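The block underneath contains the structure these notes are about, expressed in structure tokens.
Letters A, B, C and D mark the chains as written, and numbering starts fresh at 1 in each.
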Amino acid sequence: MSRKPNPDINLSEIVAVVRQEMEEHIGKGKVANYIPALSRVDPRKFGIAITTCDGQTVTSGDAEEPFSIQSVSKVFALTIALERVGEALWSRVGREPSGSAFNSIIQLEHEHGIPRNPLINPGAIVVADVILNERDPKLAITKILEFLRTRADDSSIQIDMEVAQSEADTGHRNTAMAYFMRSFGNLNGPVYDVLSAYFHQCAITMNCVQLARAGLYLASSGTDPISGERVVSEARARRINAVMMTCGHYDASGDFAFHVGLPGKSGVGGGILCIAPQTASIAVWSPGLNAVGNSLVGSLALERLAQLTGWSVF
Amino acid sequence: MSRKPNPDINLSEIVAVVRQEMEEHIGKGKVANYIPALSRVDPRKFGIAITTCDGQTVTSGDAEEPFSIQSVSKVFALTIALERVGEALWSRVGREPSGSAFNSIIQLEHEHGIPRNPLINPGAIVVADVILNERDPKLAITKILEFLRTRADDSSIQIDMEVAQSEADTGHRNTAMAYFMRSFGNLNGPVYDVLSAYFHQCAITMNCVQLARAGLYLASSGTDPISGERVVSEARARRINAVMMTCGHYDASGDFAFHVGLPGKSGVGGGILCIAPQTASIAVWSPGLNAVGNSLVGSLALERLAQLTGWSVF
Amino acid sequence: MSRKPNPDINLSEIVAVVRQEMEEHIGKGKVANYIPALSRVDPRKFGIAITTCDGQTVTSGDAEEPFSIQSVSKVFALTIALERVGEALWSRVGREPSGSAFNSIIQLEHEHGIPRNPLINPGAIVVADVILNERDPKLAITKILEFLRTRADDSSIQIDMEVAQSEADTGHRNTAMAYFMRSFGNLNGPVYDVLSAYFHQCAITMNCVQLARAGLYLASSGTDPISGERVVSEARARRINAVMMTCGHYDASGDFAFHVGLPGKSGVGGGILCIAPQTASIAVWSPGLNAVGNSLVGSLALERLAQLTGWSVF
Amino acid sequence: MSRKPNPDINLSEIVAVVRQEMEEHIGKGKVANYIPALSRVDPRKFGIAITTCDGQTVTSGDAEEPFSIQSVSKVFALTIALERVGEALWSRVGREPSGSAFNSIIQLEHEHGIPRNPLINPGAIVVADVILNERDPKLAITKILEFLRTRADDSSIQIDMEVAQSEADTGHRNTAMAYFMRSFGNLNGPVYDVLSAYFHQCAITMNCVQLARAGLYLASSGTDPISGERVVSEARARRINAVMMTCGHYDASGDFAFHVGLPGKSGVGGGILCIAPQTASIAVWSPGLNAVGNSLVGSLALERLAQLTGWSVF
């Protein structure tokens, strides 16, 4: 069964409405300031790009301005890790919401070094360890970068080395979680190498157009509908979407499902990738974050978009 | 946009296949034994009923044998409470997954008496308090029972008074949670009355046909497609489904979304209500529970059904 | 080996010095206000009484004004329960500090209904259950009251019935903990009866002179040095003191040991019983509480007293 | 006021009795096996040494055989850190029992990187950071070693470099805690340097005679009664003893106080330093550990010694 865009929907008009309605909110929220490169970003930026399964792309605002994708990268790293080790991945990381206002190192201790899901930091570090596979971290970083370039059909995508270095310099909590998981035997590669791969992955820079294009395989049953290439099996694409739905927004995942009704993954750089299954891949970007660390205006824009298009899966 | 059953799908055939495949699993799992009435249930029972949005009903197995719906009732109680107080409900109960292998009284303390969501026990007790509205608990119980009779279009639905009494006799932990929330000011009615309403609600007896029929408004945008009656707004129906998706299976909600890809709510009596939005309402029943307290065979049957029908929302 | 007061010490002079030094602090802290009877107490009250093992009594301030002993009663209830069931008590309650800024219901869940120690609320409720022994709560209350009258050699000691009723009316959190322990099978008597005994025990009214006199058996190896009566064995007296040292001031027990260096037990009414082993029993009272719920001026007075007398056990 | 040994006590006889009574227990418990050097130790070893405040030394068993003092070193490091920064230390580390069966990284998160006390691992890492003072870790290690050599009046005391290296190789959990505290700003020196100092401190090798001698200043009001040297003020000595009493045996500190009634600090190498204030410093060693990680036979020996001498502070 496929869900095609309602022919009555004029996507360009809807996007224009959404953007206009966001005007009053632009600039709200708090730009991430734990590293200089993020804190310098103009809080008034707002971009959106939608690529539909039939190949149409609609954009608005700063859709072609690059930003740091940060945790949005976790969805793609999860895809790569699942392709490498298959369902065996789930013996090392769960797929349940973290569901705690408290930071996940508590959960790691209660659950003996097994992170709750691959979309929170410790889970993504395990995923990076799987991709690293005890080899040179440069190979792992290249693998992730190449995956994104291929999926976005754009070889210009780069890693922001200043961001990567800043992440490493300030990443004491991530380092703590990596050593903690190692003490439980749930990290194989050297901590330094695993974190290097992880920090570089978070420092990838993309724009909304590239990001929406890159996520399209998740909206179309695992096949890139434009190139025709099968990226993952249909079952795997659906399951990745399921994990995004229940775990993609940290401890506000339930809230995002409630308001937007679509699988999505946010990053602290203000980007959100959102999947309308069988219909479209959506990327929004606005740097101001809400209290739980997700893009404030981006979340509002997606809620409104889902209302106007009727794309909610519920 | 509507998602209608694929015309290629012969639902009766699919249900027959699912039932046959479940044969090898029938009897697995552990029947709830904390009260006598539940422990006496034959572990080899299996029933399934599907009611589609266009009014077709397909059943198999013990679909007309009554069972204790237990926590499945929480979805209907949530509906009633939302109709009574609207979105104000969310100031007294969250909508995030509980996400903890540990029992929720810990979360209640950390989060000052606000339960994580309305589908875990303390959240459902708050919902019962809202429905009770400080009046006679019999009125609250009648309200819930009448709602289910109307939705299932079957006035024969009853409360099993032996189950209700047993719940009250053994419900020390629920009583503890009720008093604990009261200590934070998040319970208005007398604890005894609120729990009485809650325990009776859990003791409602239905069969799969009644349950699937009763949930149909959630599959069709809030309107009962058979009677044409609007039960809740479209937005509310979607949001209830979203809460079921992220919170409907306790600390295995992520797992259910991963495997089945549909909003659902399980009960310790072995029943699961599952919604395929715009398509169908499904009820399965098999008393043996898996390690996390959800129907073992019921979960497998729904996973297989979703695969064969392609009804996953992802 | 005995530790007798240093002959150079003039206890009356020291007490006069302590009282004078406290003048600048009198009135500091926050009087308990969760029940009316406590909130009405004048925050400027300060009393102290010391009874030495050789029968001398020194007092100052409001030493003969009655106050609600509240949790100080837990030491005497522990004594009674140990005499009733002996060391078997420790299978139902631990003797480790609770050590958490978070309320102990979290600990109860982690440790399956076994409270950390008998001097925190859930532990004292288990102790009350042991004393109750499934009989009439009036018998339990009488037993505790008679013990205190005998130990203080003063039959005028009473229960403040207004306080007892207020405790019952507002004790939702204690009720929650009682039901929670019952759900783990760690409460034998009816919850209502156990709590009734507990709330009445907390509502006992004594003055500093009575309280210091009542605790004297703990300062003199389990024997009342004035009447010559053996109350508990020497080993038991020492062990009760040990529990007071490590657990007597909730999550500030380490701090009290650090500053005062003597076993003690505080109550929310502003009283503290403090034992100088082989030397003296001390009672102070000042209603203003510090941030952790112990008498602010009382703690300071005991610290200064220990410095001037050299009574610290360390 | 001083507490001198009861003249009736013949310490040599008592020690002989204790040792004989321990015969039936020798070999019980589980020798630490997380590093090879510890796992190789003969579980049947038992040594005891007592040095009294008047300079008498009594020994029995393997009292002159060196062992790894491990966490016993934390008492001496605490002394050095307090001398360096005074009471300001307490802004970076608490003095309350950890009071949790769960590992302390949970507490670190709840309490924002401030360890509960200086005698648990994260607290001792903060203490090492204070001693390190952002300088060469070799200076910190030398400072601790020299302190122990001076206190034990024995310049032959060494660090076991194999143990130090093994600690570093397996110390992922300690490394995690160090990075975690750094993320809260509660670690000034480089993590590698702080841990190097900490791991070397734990790898110091001493025998019972040396250890009892080294701890004597804590038994005699801060002054070494043999050399006459003041090591710390009387108030500080008492306070260190208080911290040992409430926090010296991890989550069995209450139990140790209950059974032994003296301040003490255990190490995973099987050693325990125990202080009888104004009376004696005691060191026992027996490698087999009980379920909570303290020397099984050592604890029993101290309990019996305290009974026979009457040295309990309670």
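Operating definition for what follows: contacts are C-beta pairs under 8 Å (C-beta built on N, C-alpha and C of every residue); 3 or more make two chains touch, one makes a residue touch a chain.
What you see is a predicted model; the values in this text were computed from it and never measured.
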{"item": "Set of chains adjacent to subunit A and to subunit B", "value": "none"}
{"item": "Chain at maximum distance from subunit A, centres defined as averaged CA atoms", "value": "C"}
{"item": "CA centroid of subunit B to CA centroid of subunit C, Å", "value": "49"}
{"item": "Inter-centroid spacing, subunit D versus subunit C (mean Cα positions, whole Å)", "value": "31"}
{"item": "Chain centre separation in whole Å, for subunit C relative to subunit A (CA means)", "value": "56"}
{"item": "Subunit C, residues touching no fewer than two other chains", "value": "102, 110"}
{"item": "Chain pairs that touch, as defined at the top of this document", "value": "A-B, A-D, B-C, C-D"}
{"item": "Subunit A residues within the subunit B interface of the complex", "value": "1, 3, 5-6, 94-102, 107, 110-111, 116-117, 235, 237-239, 241-243, 245-247, 251-255, 257-258, 261, 263, 277, 307, 309-314"}
{"item": "Subunit B-touching residues of subunit C, taken from the complex the two chains share", "value": "102-103, 105-106, 109-110, 172-173, 175-180, 182-183"}
